[in-house]
């Protein structure tokens, strides 16, 4: 049948032009590898950047004279706020212990004190989206109004820095990925186009002999998808190898690298993308096929 | 069965065919002759639609070429076997696969393909070159492969452009026998040639072309 | 002359095959842009990482009973050490001020103290190369032995982290750059090779007509270097544009980006690399040119 | 001046030339004839070194081809003008540039190139197609461009492989006049052809080839 012929013809041509086909395969491979390597790093940067807001906290100093029950009321009210992720009560005694830690050997200077002069406080972590200077300003203003609250220490500027760092990282990620992806796409396209020019004569002859578009296209598309599949598979193997090299070998030195995440879907996604690229590439290269 | 109706064709400011009208009957064998550059190949190209006429219409069987939809062209061409002047063999297919291509395009089942292709090759005395690639054949051998490819699918119309330009006269006569054979079994055959030997004493109609004008007919 | 012909032929063919030539140009452009973008980021990471050791310091606590002269002696001895980059004397009073800052509002607890209980200290910055755990351990051991020194606080683990982070960054930089560069080189090579296959017939004809290798090669090499020059020039423009986009637009949000450095040499280096790539590419593609 | 000394040539297990010996004198005009696949083109290919003989030596002028260094081949070839059976025109050069290529390769100054190229084109009646590209020429026109390219640089030897396969007999006779013209002015001319018309009544030597054997000589 025609399908049998298409497959045979595709594989014959894969073999006959193995040299050029290997080059196209490497193009797909390199392209996908470059894109996924960069995505991998940007993704992990994002993951780390996303945890930054967790480091940010607002300290609410409570009035010294509050009773235990009143303190619980304040905490409950704070907990109910939609912008609060979690909170932690720090009693006077805990605060004093912290200070003693900071003073190190010299902590004996505090021993003469008859009474603990510190306030008890509540440390609030905000939900991610509220870590911006304006939100933090508003929230600390609201909390400052609450009865029983003596002072709020908020560090709006730190919140703003975290917020902007995240946003810029996203922007840069998008710019870099866009530039590099369009580079890779250009190159793949040009490879395919050149490959097509090479076969143009053959295609013209087939048309003159009465071949339909499907008959002409089929072997090219099969060829393209095999090249794409192999290229994509190699890219998946490459990124996997890179990931293990980095996490296993380098994380011995730097534990941070153990945290790097390689989304598993990529191992299936890359070959599939390869096939898709191959098919789309061939289809575009052959073009409209005027009769 | 084939009719040119006031057909003109030009390239840029070079008028190649001027108001050509003629017709060829079903199962007829006809020749087109004329000096180099007269327009012989252009007439054939118009017939298999590599080119489109500027004016006039061409009717071939049930097809009116001037108004034929692009999507129908492949099916139209499958009725025709063409011997191209510049061969148009596919370099990276073997001789037998080049011939078989004609059959595969027409959807002939793989079982029959090999048998039919070998039969056609045998007719042009090239059975022994089946597994060679075109580039390793002599000029005349390549030309005979093209002829085998044109006749293998038993088209209703064969268009042959200078089919013996690279053949010695004995081989040329052999090839002419092949054309006459398929013509007798009902195929229309149109041969463009500058070689008067081919049509001499055949009793067939010869259209004489010069500078894009049909300057007369004779009987070979 | 033959040279005149070579140039004319090269430019004719540049124009005639403008479509394919544009694609090769974009290949060079994308390849160089990708490599320089990544180098740019890695380079700046390095610059930042190189400053990390500056953040590291060793605190030398001095004996409470030292006279001003003795303190000066200790400082002089420390200054003379070859591993010391700079040092800063922190008197008792300054130390107390620091602590008061830390204690914030509650600093009144310290007011009851009759005498300052803290030690005076010296903060030492080490030279870059000595910021490793073993060096730091040895140095602080040596300093601890000095008369007048009561204690040394060194944070070997931080030193080690900084050291390893720098080293890993270098390793990863090299790996990434190697992978991506070889990808780009593969792709460029394949483009050139395919282009050559496309012209193979022409070259074969030229040989049969009696053309020398030089005659055949010259137009190809001229063509290659023009393509490379334009591709490299575009890449230089691209990286410059990227640089200004990032430093001018994003540094409004994040002052950190103002620190990014674009070595100016790259603006000349890129077009030159492009030309070299073009010439080498054509030369390799044409190959040995058997007669 | 040209001598084949016991030359044999095979491709794989296909023996194409068997122990061929002959010689052609300086300024002689000689023909090689024989049926399709006889080995005519192979003999010419051996002479311009597209192929190398398996056995024997070929002497052309001062060159012993069996031991000619690769680096000398371009200079050797510049003495020869070749009409290839498959044309070998460069598709993306115009007709005039294809002809001029022969001169440029030989380092002729640009001033003379145009004049000489036009003169050669005029000889084959294609002055008016100078700025066309080969693909837009008829088969016979392309063949005449190849002939113009072969003679333009006034080589000492012209090798023509089936130079009139695509030409009508009038044009073919014209072309033969061109060949005779350069032959009279001292150029050796060797023409491989299956077309007996070309050498009939010329009084020139005709080498007869069949199946790779030199089966005799006749006078045309």
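Lettered A, B, C and D in written order, each chain numbered from 1.
Here, a residue touches a chain if its C-beta (ideal position, glycine included) is under 8 Å from a C-beta of that chain, and two chains touch if they have at least 3 such contacts.
Since the model is a prediction, treat every value here as computed from it, not as a measurement.
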Reaching chain C from chain B through chains that touch each other, fewest steps
2
Looking at the contacts, which chains touch chain B and chain D alike?
none
Based on CA centres, what chain would you say lies at the far end from chain D?
A
Here the gap between chain A and chain C, centre to centre from mean Cα coordinates and rounded to Å, is 23
For chain A and chain D, what's the span in angstrom between their mean Cα positions?
68
Quick check: how many Å separate the C-alpha centres of chain A and chain B?
63
What parts of chain A, by residue number, touch at least two of the other chains?
none
Touching two or more other chains, which residues of chain D qualify?
none
For the protein chains shown, what form does their contact graph take: line, ring, star, complete or other?
ring
For this entry, which pairs of chains touch?
A-B, A-C, B-D, C-D
Contacting residues of chain B [partner chain D, same complex]:
11, 33-37, 40-41, 85-86, 136, 138-141, 144, 161-162, 165-171, 194, 196
For chain A, which residues count as touching chain C in their complex?
19-20, 23-24, 26-27, 29-31, 33-34, 37-38, 99, 102-103, 106, 108-110, 112-113, 117-119, 151, 161, 164-165, 167-168, 171-172, 175-176, 179-180, 182-184, 186-187, 189-191, 193-195, 197-198, 238, 242, 245-246, 250, 253-254, 256-257
Interfacial residue positions of chain D with respect to chain C in the complex:
48-50, 70-71, 73-78, 80, 82, 84, 88-90, 92, 101-102, 104-107, 109-110, 149
Considering the complex alone, what residue numbers of chain C touch chain D?
1-2, 4-5, 13, 16-17, 202, 205-213, 215, 290-291
